[in-house]
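The following pair of complexes shares a single chain, chain A, combined with chain B in the former and chain C in the latter.
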Partner chain A sequence: MIALPGGRRRWRFHVCALMLLVPIGFAPGYFQRLDLEGGAVGLGEREIGVLRLGRWKARLAELDLGPPVIEGAAGPIKTFTLALEGAAIDEVRAAYAKIGEPRSIRSAGALFAGAPYRQMAGVAAPETATGDSELWLTFEGWDGSIEQTSLPLADASPSTVAWLAGRRRR
Partner chain B sequence: MAHAPSSRRLWFVAHSWLGLPIWGFLFFVCLTGSIATISQEIMWLVDPATRANPPSADARPLGYDEVMARIAEQRPGARLHEMTQPVKPEFALIVEAATPDGETRTFFVNPYDGTIQGEQGWFDFRAFIRALHGWLLTPFDGGYAIGWYAVSALSIPLMGSLVTGIVVHKKFWRLYLRPRLRLSKGRRVFWGDLHRLVAVWSIPFIAIMSTTALWFLIEAILYANAVTVAPVRPPLVIAREAAPNVARSEAPPEPSIDAAIAAIRAKHPDFAPGYIEAPESAYGHVTVYGRGAYPLIFEEAKVNPYSNEVAQSRMVSDRTALELVTESMRPLHVGDFAGLWLKLVYFLFGVLLTGLVFSGMMIWAKRTAGATRALVRDIRVAGPFPEPAE
Partner chain C sequence: MTRAPIVGLVAALTGTTPALADYPFCLCRKQADAIVCRAGFSDGETAEGAALEVVADDGTTLSRMRFGADSTLSFKPPTGGYYVLFDAGPGLSLEIDPRDIR
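Right after this comes the complex of A and B.
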């Protein structure tokens, strides 16, 4: 007896139709990502809090709770979202974020992109970063004025601190 | 001694087996792909908000800046992300904008009077059916989605079916002259005739689909290995000094889309804008994508919103032959570059291809199993070594 196609075992070749269940399994994640990217669930998965830079006010969040993602040559990148509030919406020309203190406005870090209500920046996690590092925010006004603030990375992104600790051990 | 199986029979069995083990998956991808081709048209039929009806016979489309001004009246504070000008004039402008609550919304806007006719709800049929067809809704996390590989790998059995099918039916062109579809000789004959008849008419379409899909697979593999076809340019940013300083009491400058397009047209008169991206930041450009004389390729130009000068452009003439080929793959696959008639042609052949997969499965169920048994039996008889008894 040749155990090839046909006969009683033919049904096995229709098992591939179960592939159709794959998209059903992935559908909830697909819609969750759309909601997250479109801002339907808020600024991000984890709101960090309200920042005050001089006369300006903004809210900061982690887009997702995960650790930095390796993005090709850019290395590990952690995405933060920012919402300018009140007067800052029209007055702030550009916002930047960086792990570690910037030496000048030219090295202020990743530029936030998007509308003032919700902008995103992929912040690089440099080799020198540790759990004690700080996240520095730099705002630059349309009038040329500059304001800065910083917060502990542990407050800004616990998952990044945990990821850095893992990298140190290796 | 029995005859060794002829090469034609081998090709035939190869053809029969290419699609079968995955027929359900292939069927699903062909079906969703066919629907995806006309997803925009389906939305046009279902949702009147996506149509562009002129308010009067002599109405003319507004300029883009005026459209944005009308949107600002209806949705105060909305900031443009991107705007799509559909190829077909029957379709409303698709405007994606951020609203003060922090959400990104998609508006369908009448191009003649700037009315927001409707808003994309929670469910975006067009994006969903594309994601379902193209990557089975699997996530893109720092690379191509796993589903992308699974779907594009189907190009291999599809191309194999095409090649083996042609080899088996070397005189396939006869079917163009004398089509044959026998209805009264039983179901096996009917499905076989239908399969061959549809197949010969679909040869160019299957060749296009399998070649372009194979490229999508190669593209993903190249990306995963950090190989690029086109030279990667550093992102273009406006120098800090070039952005104007504005006193606190004054409103920041607003980019003009019309001025940007005028600047591009001054250099490239046949440029037709299709897709416009607002600057992502105060140091970003207005980016306009459009089609020129060669409809398959999207040309691209970046305009400085403060000086309204073209800072960078990537036209058909700027591309290498290799880039022209690789960048033509997607429009060739989806058929969105010529208008409604081509979409309908793509949909028709998509449905035919879906039917080919189904009829192939039906033929297999009725014949291939037996044919393979016979082939294996012949090989066994012809084999030089006696086989141990089972």
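Right after this comes the complex of A and C.
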């Protein structure tokens, strides 16, 4: 048996020193997440493409490639990022996203928050969502005009569709 | 004195604050001949003061109520087609389809 300097209690010091090294293992992921949320590595981990809503256009991306994150009683939430382009930067007052067609502007879904060049929204994946669901985007202009478009959820977030398929099997 | 490094380490590892967001939820279920809804936010905030509307399929508001301190409400469902709208402000609203109310 190797005798540690400092006597029998010395092992505690070594365990503490070892524990201090544990966070280093998580550091790369932590800084990668910071870069992702701060926009240093682009709009998101996966760019979905340029969407046209009437006279406006915007780029949409998945913030990360992972499945939706369970947010307590609010259920699974998938985060998308949006960058308004051209005239939309000045003309769009609010952008919303929702899985499933909204019945009215009042239920247009999650509101994108942030600067026009990079906004973020956590979109709820409802119980009824399936792989055939659509992601609906609603833009509200400062002049009160509303423009909408939709795209298949499979195109918007393949990881969410895969997660929904797994949920239905369970 | 010997416990100080351990306590400090545990605090450092567990004391980080996760990003907080207030995602809304509104859970409705049938109870006898009424529908009971409980609402709130994922960060634990209550829905006190938020509105709940029963809206006809044609968009007409049939009734409008506000959540109290217990974040629950109950109402009699209308006979025709309708949906429930939880409205806590822009971006904080939810539609509840009657088919999802069991």
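Just so it is clear, the second predicted complex is superposed on the first by the 157 of 170 C-alpha atoms of A that agree within 3 Å, B and C clash if a C-alpha of one lies under 4 Å from a C-alpha of the other, contacts with A are read in each partner's own complex, and residues count from 1 in each chain.
As a working rule, a contact is a pair of C-beta atoms (placed from the backbone, for glycine too) under 8 Å apart; a residue touches a chain by one contact, two chains touch by 3 or more.
Predicted model only: the values in this text are computed from it and were never measured.
By the touch criterion defined above, A:Ala27 reaches chain B but does not reach chain C.
When the two structures are aligned on the shared chain, A:Gly75 is found in touch with chain C, with no touch to chain B. Judged by the touch definition given at the top, the superposed model places A:Arg103 against chain C, while chain B stays out of reach. After overlaying the two complexes on the shared chain, residue contacts for A:Gly144 are found with chain B alone; chain C is out of touch.
Residue contacts after overlaying the shared chain place A:Asp90 against chain B, while chain C stays out of touching range. In the superposed model, A:Pro116 lies in contact with chain B only, and not with chain C. By the touch criterion defined above, A:Gly38 reaches chain B but does not reach chain C. Contacts of chain A with chain B, set against its contacts with chain C after fitting on chain A, overlap at residues 16, 19-20, 22-23, 37, 71-73, 94, 106, 111, 113.
Those residues of chain A lying in contact with chain B across their complex are 1-2, 4-7, 10, 13-14, 16-20, 22-23, 26-27, 29-30, 33-34, 37-40, 42-43, 69-73, 83, 90-91, 93-94, 105-106, 111-119, 141-144.
Considering their complex, residues 2, 5-6, 9, 12-13, 19, 21, 23-25, 27, 40-44, 55, 59, 83, 85, 87, 90-95, 97, 99-100 of chain C touch chain A.
Against chain A, in their complex, chain B makes its touches with residues 20-25, 28, 77, 79, 81, 97-104, 124, 127, 131-132, 136-139, 141-142, 147, 226, 237, 240, 243, 245-248, 251-252, 280-284, 364-365, 368-370, 372-373, 376-377, 390. Against chain C, in their complex, chain A makes its touches with residues 9, 12, 16, 19-20, 22-23, 37, 71-75, 77, 94, 96, 102-104, 106-111, 113, 121-122, 124, 126-128.
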